[in-house]
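You will see chain A twice below: alongside chain B first, and alongside chain C after that.
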Partner chain A sequence: MKQRIIIIGSGVAGLTTAGVLAENGFEVVVLEKESRIGGHVRKWDRLFPNRRPANEVMEFIEKVLNSSVDLRCGVTVNGVIRHDEEFIVLLSNNETVTGHALVLATGFQLFDAHKKEEYGYGIYDNVITSAELETIFKEGKQLTTNEGKTPHRVGIIHCVGSRDEKVGNLYCSKVCCVTGVKQAIEIREQLPECEVFSFYMDLRMYDRHFEELYYEAQQQWAVNFIRGRLSECSENPDHTLILKAEDTLTGRPLKMTVDIVILLVGIIPDPETGKIASMLGLPIGTDGFLMSGDEHIKDNTTTIPGIYLTGAVKGPASIVNTIADARATAQQITSRFMAG
Partner chain B sequence: MKDFGYTLQPDFSIDFDRNDKRMMLYVVNHEPSLNLCIGCGSCTATCSTGHFTSFNIRAIHTLLRRGETHQLKQEIRKCMFCGKCQLVCPRGVNLRNVILRINRAIEQIG
Partner chain C sequence: MNIEGKRRVWKDYQKEIAGDNFFYVRSCVRQNFFPGSEKTFLRILKEELHKDIFENAAHTTCSGIGYHSDIVPFETTMTIVARQFALMTESGYENFATSCITSFGLYTEILETWHHFPEVEERIRKHLKNATGREFSKPKNLSHASDIIFKFRKEIAAVGKYRLINHYTGKPLRAVEHIGCHYSRMFPSKGIGGAEYPYVLIGMIEDWGGEVIDYPERRHCCGFGFRQYLIQANRGYSLSCSKKKFDSMAPYKPDFILTNCPGCPMFLDRWQYTISEMEGITYGENGHGIPVLTYEELAGMILGYDPWDLGLQVHQVPVEPLLDKMGIPYNADSKFLNKEGASMGKPKAPSFLKFY
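Coming up: the complex of A and B.
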């Protein structure tokens, strides 16, 4: 009999794990709560660091799926029962699935920008999020103000909902710095007359080709970087926005009028995943993301044999890291069942 | 001696080795949250005093941590103790107590 593996979540993490497991001869069930597979990456237009279309990555990942992968969309997990060596998962549609291992690949959620009230999201129409900008680009639209005007100046705000004890998130969301630099370039590319100013505390260009993207943003696209965290955003009668920060490199308070503000919203843990974890007895980190068995050497397994974690469910991660992680998870599962 | 028209300028750099660190130690010992500062500038950006004068609370507490205290007495007097800076700090630095402790340090060490 083929072993059956249940994967919760069909983002890059879940689908990659599913693809490799199917290739290795397992039967795989993927549960996805949304009506479509693909997770967050399906919503992105072009990807850092090289601005290739996100669709290319999605197509690649979907191609590895074969007939031994049973995809079920529009279902969530209501409960999990452990019975001998098996997991019985109760679904929201009252069905059950039984498997020999369980992979949590439920990813992350975006920080709700309404919570940083001083930044004006949901109050001023020309304050949008980085995710909303991706949608505008993906739909092939021009970036305009809410009044339909071409912006002359755009402000990009780093660390919205991250590195901020006032919202309870001390950690860094890791991928927003480079996303902001990528989006700054894309705005300049689409609207060469529009100035772009990024307000940052640190530019965390941690991975390969990130620093080069930052260099390109300055050299080729004349993107401006101001080292200071936004303290507040307010609106003028004409719906332009005033940004206030300290320009820490000159040591003076600064104000600037912009037409559109883009908030680089952070990555937060999924509350539903937290509930599943508590139900299973899996430890949750101080940052709210799930904890693996060992952060260095057993980062795909958990304290419970047969339960695995993969991708951004363990905290902010880029696609390349998520794919590597998912392949490692599939390998761990394969070794476990091959050996025994 | 022939006058070449040159004058000797005092060293403008922060001489950390020679600076008196007593005030800094007093303040961080009484308010260790100051060590959590990441220099984001939110405190300065939100401070009303800083918008009308050269007062810069971030620069003041950063200089303090380098042992630079000669301007401290004149500068800290400008603070209205309103606490707005503390409300916005992403690291939860207890800035009102930092300011209070700076004033105490000036009284005690001077």
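Coming up: the complex of A and C.
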């Protein structure tokens, strides 16, 4: 009899793990709370750093899935029972699934920009999030103000909900800096007459080709980078927005009017993760993400044998890192069952 | 601007406000700035709302101005505040109500400090005992006086004689609200509506028929800012802050400015005169200024109290245009008469600001 692995979450991490496990001869059940698989990437238009269409990655991942993968959408986990060497997962549709290992790939949520009240999201109509901008691009629409005007100036605000003690998130979300640079270029591509101003604390261009993209944004696309955190956003009578910040390179306060503000929202743990972790008794870090068995050498395992972690359930991660992590998880599970 | 977005924020910041039996502490400066406000507050609570509110004559300054000016050490300030709590305890009250925003912020800061550092509270208790022989209980409820008017705003509206409706046009009067920094900026959860979009004054304006203006420099300092004014060399900065706000709010044509701090109405009122003398600029209609009110004064106007009993005659910016818009009658001849009917003397008319 084939070993059956249950994966909770069908984003890049969950589906990649599922694909590799299926190739390695396992039966796989993937549980997804949304009505369709794909997670956040399905909503994204193009990916950093090379601006390739996001759907190319999704197509690649889905291609690997074979008939051994049972995808179940629209279900959440109501309970998990450990019985001998098996896990019995109770689903919201009253069904149960039994497996020999459990992989948590519940990923992340985007920070709720309403919480940064001083930025005016949900109050001023021309304040939008990076995810909403991505939707505009994905739908092939032109970026306009809420009043339908072509913007002359756009402000991009980094670290919204990341590295911010005030909202309780001390950690870096890793992917927002480069997303902001990518989106700044894309705005300039779409609207060559529109000036783009990026307000940042420091730009964490940590991975391959990120720094090159940052240079390209400055040299080729004339994106303005201002080292300063936004202190507040307010609205003019004509619905343009006033930004106040301190330019920490010149050491002077700065006040600027823009037509649209884009908030680069950070990554937070999915609430579903905490719920499942408490069912299983898994430790949660101070940042709210799950703790692995060992942060250095057993990053895909947990303190409970047979339960594995993969992807952004352990903290913010890029797609490249998530795919590598998912493959490692799949390989670790394969090794365990091959060894008997 | 999406009002529903603001309402969403307001829902997140509610606080418990005691409903009766208040131990009231006055401000050390407000009676000089706006002499009718605290008296009006007591009158409303006692005569309109029939609440028990008590003052203890031994009450002193909270030392907040000295503390925020780096003159009085925090340890000393905490001991002074402990004494105020002792007066409340000795008087048999548990609900502390403060007139001053800086006092409110300071009491909140001290209670929070004691909550997180109980050893500090113990030390201060010893200081107070050694110095005065007094002991105290901490308040069960700490509210600013504007919180209390906010809590009873609908009751005030129900018995009020006037509303914030333009008598001539039938349209809501347009108000700028300005919240004192020490109300909720330090501890957003202690203020109605939080720090970014405080609701405490907006709630009064809306329930009394008016309309609130959101203008770009809404959050900007009124101009007091302690050191900006208390250090004489910085007063130009104080004036600049106020001017920045007036320039920003003027295009929205506000009918009045409502405040809940001792300093804010003082500077927003007096600096309009100064700017008019320096630059010849006035910010209201037809050479008028924009009247600046405390929440007690506005509540008194809604309730139909005589404007001169409210102390509106000591404002630098004349309030008559607002009284006219609200349809509130007033006797121009008694504006500068005292309670005995004798003249208090009429101020010299400004060069530009229209005067009555």
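The definition used in the following text is that the second predicted complex is superposed on the first by the 340 of 340 C-alpha atoms of A that agree within 3 Å, B and C clash if a C-alpha of one lies under 4 Å from a C-alpha of the other, contacts with A are read in each partner's own complex, and residues count from 1 in each chain.
Methods note: contacts are C-beta pairs under 8 Å (C-beta built on N, C-alpha and C of every residue); 3 or more make two chains touch, one makes a residue touch a chain.
Since the model is a prediction, treat every value here as computed from it, not as a measurement.
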Partner chain in contact with A:207 - chain B first, chain C second, else both or neither: neither
More chain A residues in contact [chain B versus chain C]: B
Touched partner set for A:27, first chain B, second chain C, both or neither: neither
First (chain B), second (chain C), both or neither touched by A:252: first
First, second, both or neither for A:229, with chain B first and chain C second: first
Chain B versus chain C as contact partner of A:163, first or second or both or neither: first
Residues of chain A that lie at the interface with chain B and also at the interface with chain C: 118, 232
Chain C residues within the chain A interface of the complex: 1-2, 4-6, 8-9, 194-197, 214-219, 251-252
Chain A - residues contacting chain B, complex: 118, 159, 163-166, 201-202, 227-232, 244-248, 251-254
Residues of chain B defined as touching chain A within the complex: 38-47, 50-51, 56, 58-59, 88-92
Contact set on chain A toward chain C in their complex: 114, 117-118, 120-125, 232, 234-237, 242
